[in-house]
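First comes the structure, then the notes that go with it.
Labels run A, B, C and D following the written order; every chain starts at residue 1.
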Amino acid sequence: MHPILKLVIQRVALGCLLLLAVSAVIFLGVEALPGDTAQAILGQSATPQALENLRQQMGLNEPALVRYFKWLGGVLTGDLGKSLTNGTDIATAIGQRLGNTLFLAVSAAVISVPLALILGLVAARYAGRWPDKLISGITLTTISLPEFVAAYFVIYLLTQVFPVFLPVSMVFPGMSLGAKLHAVALPVIVLVMVVLAHMMRMTRAAILNVMQSAYIETAELKGLTPMQVIWKHAFPNAIAPIVSVVVLNLAYLVVGVVVVEVVFSYNALGQYLVDHVTKRDLPVVQAVGLVFAAVYIGLNIIADVVSIVANPRLRHPK
Amino acid sequence: MKLTLSAGIGILLTAMFVLSAIFAPLIAPYPLDLTVGGVWDAPSAKNWLGTDTIGRDILSRLIYGGQITIFVALASSVIAFSLGSFFGFLAAVRGGWTDQILSRIVDLMMAIPSPIVALVLLSVLPLNLPVLILVIGVLDSTRVFRLARAVSMDIAVMDYVEAAKLRGEGQIWVIFREILPNALSPLVAEFGLRFIFAVLFISTLSFLGLGVQPPLADWGGMVKENKDGLIYGKSAALMPAAAIAALAISVNLVADWVLSRTTSLKGGRGA
Amino acid sequence: MQDEMKHLLMRTARGTFSRRGFIARCGALGISAALANTLIAQAVRAEGPKKGGLIRAGIAGGESTNSLDPALAASEVPFVTSETWGEMLVNVTPDGKVDMRLAEEVSSSADASEWTFRIRKGVEFHDGKTVTAEDVVATLKRHTDEKSQSGALGIVQGISEMSYEGDMVKLKLAGPNADLPFLMADYHLVIQPGGGVDNPAAGIGAGPYKLEVFEPGVRIGFTKNPNYFDDSIGHADQVEILVINDNTARTAALQSGQVHMMNRVDPKIAELLKGAPGVQVKSVAGRGHYVFIMHCDKAPFDNNDLRMALKLGIKRQEMVDKILGGLGSIGNDFPINAAYPLFDDTIPPREYDAAQAAEFYKKSGHDGSPILLRVAPGAFPGAVDAANLFAASAQAAGIPLQVKLEPDDGYWSNVWNVEPFCASYWGGRPVQDQMYSTAYLSTADWNDTKFKNATFDDLVLAARGELDEVKRKEEYSKVANILRDEGGLICPMFNDFVHGVRDEIGGWIDDPNQELMNGRGLVKTWLV
Amino acid sequence: MPEIEKNLLDIQHLRIEATSYPPGEPPRDVVLVDDVSVSLKPGRVLGLIGESGAGKSTIGLSSMAYARGGARLAGGHIILNGRDIIHLTGGKLRSLRGKEVTYVAQSAAASFNPSKRLMDQVIETTLKNRLMPRPAAEKRARELFRKLGLPNPDSFGERYPHQVSGGQLQRAMTAMALCPKPDLVVFDEPTTALDVTTQIEVLAAIKEAIRDTGVAALYITHDLAVVAQVADDILVLRHGKKVEYGTTDQIINAPKQAYTQALVSVRSIDHEEKAEAPPVLSVAHVTARYNGTNFDVLKNVNVELPAGQTLAVVGESGSGKSTLARAITGLLPPTQGKITFAGRELSPALPGRKRDDLRELQMIYQMADTAMNPRQTVGQIIGRPIEFYFGLKGEAKRVRVQELLDQIEMGKGFADRYPAELSGGQKQRVCIARALAAKPKLIICDEVTSALDPLVADGILKLLLDLQRQENVAYLFITHDLATVRAIADRIAVMYRGQVVRYGSKTDVLTPPFDDYTDLLLSSVPEMRLGWPEEVLEHRKMESAGN
């Protein structure tokens, strides 16, 4: 078997193992959260009778491990259970909101990733000169700005001063793509601001790091133009680190955007989680947590696989 | 390596923030919670940065807020660091099972997105500074662990470490005398970045209502208090926001500088 | 001047200019109020409602955990939702009269202990079934069930016997109650087919709009119910609720025209919002009040001296000015104000008195450990600031009051009614009795101050059955005084309901009962 | 009348400067090359020779108007094909590089882009300058591969750098340099990184290629014996200044300057092998493998080292000589066999060893820079073992440190310096002192001189011999350089593929008849004689033909 294939398979298997472990941690961890679930659900109007009924119905009296495996079985068969607070089927609820989350993430990624790479290359090309300083300065500012600040700033600018976009970015099934894109414009702008800087800086760093190698000098002594040197000789060898940071940011776009969702009342997974955490709606918290972890691990696997494939030593063994 | 202009600015600003935080009671023109003006007065000679939602002096609150923000951020990044780097070094030096176990645990922790964990934890745990600091610190220590491990892995293969082992030195000596001094500068730079991360993270948490609690004020909370005025061009919320950004930027500049120094120490080619 | 009159008149007719304002303006122009009123009436008739279109409301107070079961409705969005798809036996009109809905006639026995409702004929549920007396009884029965956790439990518990024959519903009460029709207007008591027993969250009712999409915590969409029995309301073809809990986003949405109306305009920005083009600020003096509630059964608040100390340690006028931006009136530590019938305006308002407060505090023998006041920004607009002001003034009186900020999400399930001392608000009720029996009777299941006082209970019950207005007013006065001096309620202010409404909206009426025209803002307005 | 041939390259009064940033000090300008003039006619080969820091590479690269990290061409003229290129920039400069002048770097392994096929890299400049269409370029490349004696030249270009050996890469790099038919090729220590047996072949190949293509060349090296083989003229440099400039024959046979004479006479130390003595170390039937691998890097090794004497372990990279050291120190516990040290058997693994075992068995490394903690002063570095083994503190320790510093011929004031402030030789001396501080019976020296310039290396060897006399300490001396072996060994073990192929006293090992490998090894050692590599290779051809 080709060594790459072997490595990739190993990596994927490892990821699945990790995911399994994570699922256990999430389940038991959430179970261990302080606070009486039943009480939290029924809230003020909870009579002892109702509480007891609920505990029974939730099987809170069974041992944790049993409940974990029951849950896991459900997950594997695509059944995430029902929300305790309003009895809706979690899988379907998550399905739609995950769709929205991904939609936002992808829209932001499509803009930010290429932009980041280009800026990174340019900055590396003119390292230490004014274009580099300019780019670095701008990105440094955006990286240092809390999301919510950026968010309110664009709201003020683009819905009040220049009313071109809508401040509330809810998207619904049946909206046309155009309408959706128009709706999420503001959160996308904010997210791009946030992730662009990081990716661009890492791209620049990775390239400059490779620029230290002797074969770059060889390329220079071949009389290649600086851009040729970077593009032909530096970039191919900087792919692995760049990919890993890109993936890191993609993951962030999926799991880290609660604030943006809140500010723009964007109906995605983050807010869904926040709402249910405080209600101790355990099944939901566990399900969402698992989904997030899965996305995260999945992306990391992709990153590893890419860097494996990008490595000529592995691609063309001796 | 000479001190660059940007680094100079960074150090200057950082120092300014820290000092004003330390001597807050001395410099703040008004007490934290005193109402001295109307709602959202514009900046004036009396209130340099204007007043907030219930007419408290923003400058004063900024200064006191800095105290909290910087303290919490500092404390949590210190925790993140002591934890992360110690275990990172241990993993690198011990290798074998120790490394395996520690690394897998960290993988596990990192596989569950930290904002989510923070959200879940903080919305159920009692909200006070120690808890806040601890949560941020522990969550953040994983990244430090990775870095510390990577850096010390490079150092651990150096001949002088092998020499120390051959001499019969104990692990503590190897970690603290042979590895730590050489891993310091990249770690210092990382510390800067972690600190910024903590500042932003705290602000965000406070913004979500899960962070610093009144009557204490931190910058994130202040933005939250005053944000409603933003869309009417009331500058109140921009002040703490700017403060956060300024602090982050200045520390960033310093960190970048340290980082560039360390890479230039590592050498690469050239005269 | 002619033009100005016309313009104002038109806007008044559409409800985008307040009646009061118009009459005042007329006064300024030397026109008698009487004439002004007739002018308005004519104008409104001339203007008339426009049909069609889509009306959107941006409403705060909804979570993705909300359910469609009217019994569970506890916050703003579910309330407006059930008011839009559901229909009750009766409503309450802005001027406090009973408004016949599914019931077309109400009558009572002489001692007000037995009531009969005649159900309107030929009204259909959204699923095509006809509304019958049986459905009504089934509905009421469902709310009496312990497990249903209905917010109306307290109300229906007062009914000892329900029966129907033909289109008549008979209710025998445990004790006499002159206000029963008002109770039947409670928003939990949406009439559902078969009482909604088999599927309470189906969203099937007899209301003016049919439920189209229900995305809890996001949006709820409706289309017009063609078979609705009353075409004087329900003008738009479609209406939609967008759940926007974030104040800034909500306001921005209104200004950018993304929504036509919003609730909970933060008083701080009311002034600023008035300046914005195309937007009206509608502030309605209502029965809603912002409160700090203590559990009378939990230390240290089980000590009345401490409670009194806190009551004296708050600056009410400052609250009204700073928190309500003047859009409200001071409260007097009982939940009733001039907006209620039979209100006793002779009870002296309680003033801030540091000395006395300190005295009471000393008397209470409290150990001086910090007294935690829990508050979330969403408890009521400006809640956090209010709490900080309270803390400041109390500390000035030597009371170690400390504010503890809680997250918005889940505040109503984890803090309110759970923690012994927190900020809260009440929307108010159409009549005094209902207010008291919902929250202050020992048996009340929303008794969020855990106030248990036999004499108080007896007085409330007596007043409830009392048909003699004078006697009744005296009794309510006593009730108010007991609560004011012994209760766990600190009520510094009655808030106006402050709404933002766009100029395109016609037919807006100031309704003191509840926010958003008693929850029917989407139903009763139209697009101009 | 015949016109005189024009110079291809004319370097006049060249001055190259750089700015250095010493830690903790203000940056200052240093002169790398100072007033050097030299000229080169077409088709001729000029050897640039000198120790590290002599500025030979800097001059070589200046002929491409290129200066490394931060250095700048500060003065003089570089006239190539009749025009001064010192101030060329942009397109003009780029069309010069890789077309008129090409470059062969010291470490081809690092100088090839790991993620591109060799062929694409070899013909890159040819295509870029549109010298010929791709097929033609590839054809030429294959020819060059063949000429340079690369294995199956037709498919060689399809490989990636990591798929071929160091020697082959070095030849590929030469092919890359020759491909665009340049006027001048700069060879920068092209064989230094190679094993002797490979070096001789590459050297011959390069020499032949130069002759056939008639290209002019600058050949940079620190090894006179090597440069003697290829160069027509030699420029001897020191500290960036010209020392001596003349024909190869003159420089080698009649050096005028003292420094040149020193270079020529380097490695002339010899030393009498000592009589038998009881062994301080004996390695019996040691076999070892790295865990996770399934083949033995040491196969049944048996050697003995008499007290106070030197056992030289010779072999090329990968022969397992360093592994032997690791096995003895306990870093790599043997799978079989036993190691007896000072009469007692050592526990195979490091943790099991007694403190005295550790103390009496010290080690010195090849790379002195990585062998010392850059954050510790010389005093701390040497002082630690003193404190650790003998518990000396404060003044006593300081005195002992100074003693040792004197022993390694480093005067006062060094104790407070950091490694970064020392020269290569000084660093290695400090390492020796650190070993001595433990009062060891045996010091393992792993290639301790191979990273140093010849003269410095000699100094170190002399020092080691003196110390052996004074302290009666034994050395296990690992090296690939037979000259060094001659200089210091009492006994020799020749290793090849993890086995000791020849073992005995120096005289026995170095006198014929040889086994094949030792023969190969010995014959590959560079000699000053002109035409030496050809002879050797010719001889080998015949032998292999004979068998």
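Everything that follows uses one rule, which is that contacts are C-beta pairs under 8 Å (C-beta built on N, C-alpha and C of every residue); 3 or more make two chains touch, one makes a residue touch a chain.
These figures come from a predicted structure and were not determined experimentally.
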Note: of the two pairs B-C and A-C, more contacts are counted for A-C
Looking at Cα centroids only, farthest away from subunit A lies chain D
Subunit B to subunit C, mean C-alpha position gap in Å, rounds to 46
Per the C-alpha centroid definition, the whole-Å distance linking subunit A and subunit C comes out as 42
Between subunit A and subunit B, the Cα-mean centres are separated in Å by 22
Rounded to the nearest Å, the gap separating the Cα centres of subunit A and subunit D is 50
Flagged in subunit B as touching 2+ other chains are 123, 208, 224, 227, 230-231, 268-269
Going by residue number, subunit D touches two or more other chains at 68
Residue numbers in subunit A touching two or more further chains are 35, 152, 155, 159-160, 214, 217, 262, 274, 277-278
In their shared complex, subunit B is touched by residues of subunit A numbered 18-19, 21-22, 25-26, 30, 33-35, 140-141, 143-149, 152-153, 155-156, 159-160, 212, 214, 217, 251, 255-256, 258-259, 262, 273-274, 277-278, 280, 285, 288-289, 292-293, 296-297, 300
Subunit C residues touching subunit A in their complex are 58, 63-67, 146-147, 149, 151, 153, 201, 213, 215-219, 242-246, 248-250, 252-253, 255-256, 258-259, 407, 409-410, 412-414, 416-418, 445-446, 448
Contacts from subunit B onto subunit C in the complex sit at residues 33, 35, 39-40, 53-55, 123, 127, 208-210, 213-215, 224-225, 227-232, 234
As the complex stands, subunit D meets subunit A at residues 61, 64, 66, 68, 93-99, 102-103, 105, 107, 110-116, 124-125, 128-129, 159-160, 162-163
Residue positions on subunit A within touch of subunit D in the complex are 213-215, 217-225, 232-233, 236-237, 310, 312-313, 316, 318
